[in-house]
Amino acid sequence: MYEVRFHGRGGQGAVTAAAMLASALLEEGKYAVSIPSFGFERRGAPVVSFLRCSDREIRQMTNIYAPDCLICVDPTLAKSVDIFSGLKPGGTLVQATHKPLAEVVLSEAVGVVGLCDAIGIALEVFKRPITNTLMLGAFARTTGVVSLEALKRSLEDSDFRDAGLAQNLIALERGYNETVVHIIERRVAA
Amino acid sequence: MGRGYNTIAFDAAKCDGCGDCMTACATVKTGTDDKARSRIQIVGSESDGFELALCRQCGDPKCVTVCPAAALTKNYDTGVIEWNAAKCVDCLLCTIGCTYAGIALDAGVGHVAKCDMCYASPAGAPACVPACPHDALTYITTSRIYNEVGDWEDLFAPGLAGCQGCNTELLMRHTLRRVGPDTVLATPPGCVPGMGSVGFNGTTGTKIPVFHPLLTNTAAMLAGIKRQYKRVGREITALAIAGDGGASDVGFQSLSGAAERNEQILFMVVDNEGYMNTGMQRSSCTPYGAWTSTTPVGKGSGGMPAQGKTQDAKNLPLIMVNHRCEYVATASTAYMEDLYDKLDKAIQASKRGFAYLHVYSPCTTGWRFPTDQNMEVARKAVETNFVMLWEYTRATACTSRGRSMIRCRSRSI
Amino acid sequence: MTTATLDAPSQARPAKQKVILCEGNEAAALGVALARPDMVAVYPITPQSSLVEHVAKLIADGRMDADIVDAEGEHSVLSVLQGGALAGARTYTATCGPGLAFMFEPYFRTSGMRLPIVMTIVTRDGITPQSVWGGHQDAMTVREVGWVQVYCETVQEVLDTTVMAFKIAEHHDVMLPVNVCLDGNYLSYGTSRVELPEQAEVDAFMGVKDVNWHVALDPLRPMAVDPLTGGSGGKGPSSFVRYRKGQCRGMQNSLRVIEEVHQEWAQRFGRNFAPLVEEYRLDGADYAIMTLGSMTGAAKDAIDEARDAGKRVGLIKLKTFSPFPVEALLKSLRKVRALGVVDRSVGFRWNCGPMYQETMGALYRLARESGSILPSMSFIGGLAGADITVGHFHRVIEATEKLLTGSAPTEPVWLNEKD
């Protein structure tokens, strides 16, 4: 079982991203379950959603408390929310940011970091800071848990159409290609 | 079933003996203004009151029986007792036979003369009636309804257990006759099912499909029924006969919702100004000052006497107008022609959308007046403008007797 | 007796079904579409809203041919459907929490009129303290109103059970409304892999619709529906008593029909859900925990871990809660020597979970036949959107194990009290 926790703000599409990832995993013949956190999801407020994937049927329908991976689609979120809560030792962080690794907030548990200037790319592609599909590309690049091809097929099967679909496919691909992956050796050793 | 005929009604309380009716009659019938030759005669005095001497067009006319020459006959098409000059022998026995002084010698021509309701005149209606400046005379044409619907099947079972003199039972029976058998009838808790329209213990009081909705969901249930029949291509009328309490208070939400969705329903409210079936409690349709069992009259407390309901009635029909219904009208059983006219319009409107009919209906038991006075109380309520009869369509807005009730004045600013 | 329309599917193996990914609310909507109702009435409420949005979209997209009524509140939602059903329509709606409370008046009446309306309860806790989150309190509160109530564990089960619910409700031996309960939040928004049956296969499964043969508002066969009916008959048997007995008989019949319909579903579509009571690793268990709804997934994972650790524990899950499947439950209870019951709601009168309270009735039956009392206890968890995790179930397993040697506590254990 591989567990992912998405962090974002209301309106950024963290919940949609989790569902899209689940759909891509399904394309690859895996089992996937996603659930959003439950609350009043107002635009701009921090939101969380969860995704489990496995080669066999997934039975638990609960929140995720000890994720293997965090996907944070908002660069400023780590200031207000403890996104690292419960991350498994050596776990993965996929973070939207334009900053270099040295300036990114990490926790002791983080072993792998994928950084993607998602906002910068999104402003070029969408003219708006929509980062969720970009970050799915970044996730694929960082973890290899899902393939870029499966994510593309999942986008093509979604409600996106025409120009929207084309933009999102570009975003996905650029997210994948422009993500820099760092292995935090020191922390894995610790 | 026999026929009903139009008639001239006289309200002695309104008559001041001016004699304009007699002048009008004489003018039409003799070409003179000689009141003595008028076939309608007002007799009496201001101190003793006035009375009417006029042919009643009796169903069992004594004048006809006593005539030795068969000069008088009852015309069963018009109801008029006709006089045949060719047969008359001028014996005047008929003038003695009539109790009402309805036939008398016209000295100007030397024969008897009597009222023929001006049937042959171009107007086809009596000349005396419109001549009365005080509305003491009225030409009553409700017989049209009797002749038209009298033979139709009453779709309620005989022996509904309404109170003596109940206006609602009259209204129900007339309404359902008109709406007809291809109807599903909803009668929410109240007097209408209380008198047995939905029956007891597996019996029924109605010959068409009928049901008890909840007090709260009449319009919603009817909407579901109508929609399903529409879906399968069957034409039915979805009819509610509801009380004012259920409609204006606890059932108002579903009523308002169904009206807003323009569901194809004919919703009739019988407004007896309270919860009469449960023992005369106050509803939001109870008018200001009215005694009810929950707004009693008494000494009160703190120096404030209890004087009945302390708020005005909710004007439910006007609220329904603001739902932009297909049709809204108020009616009274004292004005059956008007009621039938509005019922017909409401039935037609309910094929297109929501039709709402609000009928003012005095309650002998709850209002505590004699059981033979229902029509009189209903009539007085209208005559005094305590209630108003009007109708609304989207095209005409609110009108009363064909005249707009909304006066708009353009003003330069 | 088998169901009237049962005919064996053409192939021995069920046809391949389209696999999609959807949330539980969408799965319910897809199940509704497959069952082809004539009329759907809706009013939005969290966490049900996306369900009725999905239904509205299916209709707007021409994938479902039903009359949709956007009523002005839940009270009218159910009332519109009652009218529709009395005129012969197959009808559906969904609600929860305050909406269910608001529709209680017509809700009570639906079972009395024997109208086979299907209604999803996307279960929600509350009403006060204010809560928009999951919990079984709403559905449990109305468990004594004569509706058949079944609880789903997975998103797939939501879809399949929604279709089956129509067939159960409309079975002539049942003629009762059915609630398909799906856990608010967890199943409503939980997105998962779902196999979608073919419409033609479902049509063959459903058979011919006939929902108002017993009571109708139809000018072609006029009758009075729901006249005043007294408890004392005068001459002959009392109509009221006859009526109530009929309702009770319908409820009892439904136990058999639920099993038959689930069997037929398994035959046609290859998915086998326990219709009344599910046993998981109960054989060889000394004690069991009992669950309801979506919490069961985490409980099964905990049972696996406990078994791996050498604990002799099994699981009993109820799918059908109303009518209470006493006989089926007794078969499972006979296999164990201690029982811990986990509720996602509160039974105020007995200071325990409602499922535990109902189970005590079955335990009395068990005590009468065995002469000894099965020790048991009540756990309450997962209120107002709280999780019942694998960790919580380990606590449940440990506490239940202690019943084998110690005495049973009279107070319930509140699982999330210190989370």
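As written, the chain order gives the labels A, B and C, with residue 1 at the start of each chain.
The definition used in the following text is that a contact is a pair of C-beta atoms (placed from the backbone, for glycine too) under 8 Å apart; a residue touches a chain by one contact, two chains touch by 3 or more.
Everything numeric here is computed off the predicted structure, so don't read it as measured data.
Visitor: Which contact partners do chain A and chain C have in common?
Guide: For chain A paired with chain C, there are no chains in contact with each.
Visitor: Find the chain most remote from chain A, comparing centres computed as mean CA coordinates.
Guide: Taking each chain's C-alpha mean as its centre, the farthest from chain A is B.
Visitor: Determine the centre-to-centre distance between chain A and chain C, using the mean Cα coordinates as centres, and give it in whole Å.
Guide: Whole-Å distance between the two chain centres: 36.
Visitor: Express in whole angstrom the distance between the two chain centres, defined as the mean CA positions of chain A and chain B.
Guide: 75
Visitor: Determine the centre-to-centre distance between chain B and chain C, using the mean Cα coordinates as centres, and give it in whole Å.
Guide: Once rounded, the distance between the two centres reads 55 Å.
Visitor: Given the complex with chain C, which residues does chain A contribute to the contact?
Guide: 18-19, 22-23, 26, 31-36, 38, 40, 58-63, 65
Visitor: Note which residues of chain B are touching chain C in the complex, please.
Guide: 181-184, 193, 198-214, 216-217, 219-229, 231-232, 236, 253-254, 256-258, 260-261
Visitor: Flag every residue of chain C that touches chain B in the complex, lowest number first.
Guide: Spelled out, the residues of chain C in touch with chain B are 38-39, 41, 67, 69-73, 75-77, 79-89, 91, 105-106, 109, 216-219, 221-230, 233-234, 239.
Visitor: Contact residues on chain C for chain A in the complex?
Guide: Touch list, chain C to chain A: 19, 21, 23, 47, 132-134, 154, 183, 185-187, 189-193, 294-298, 300-301, 385, 387-390.
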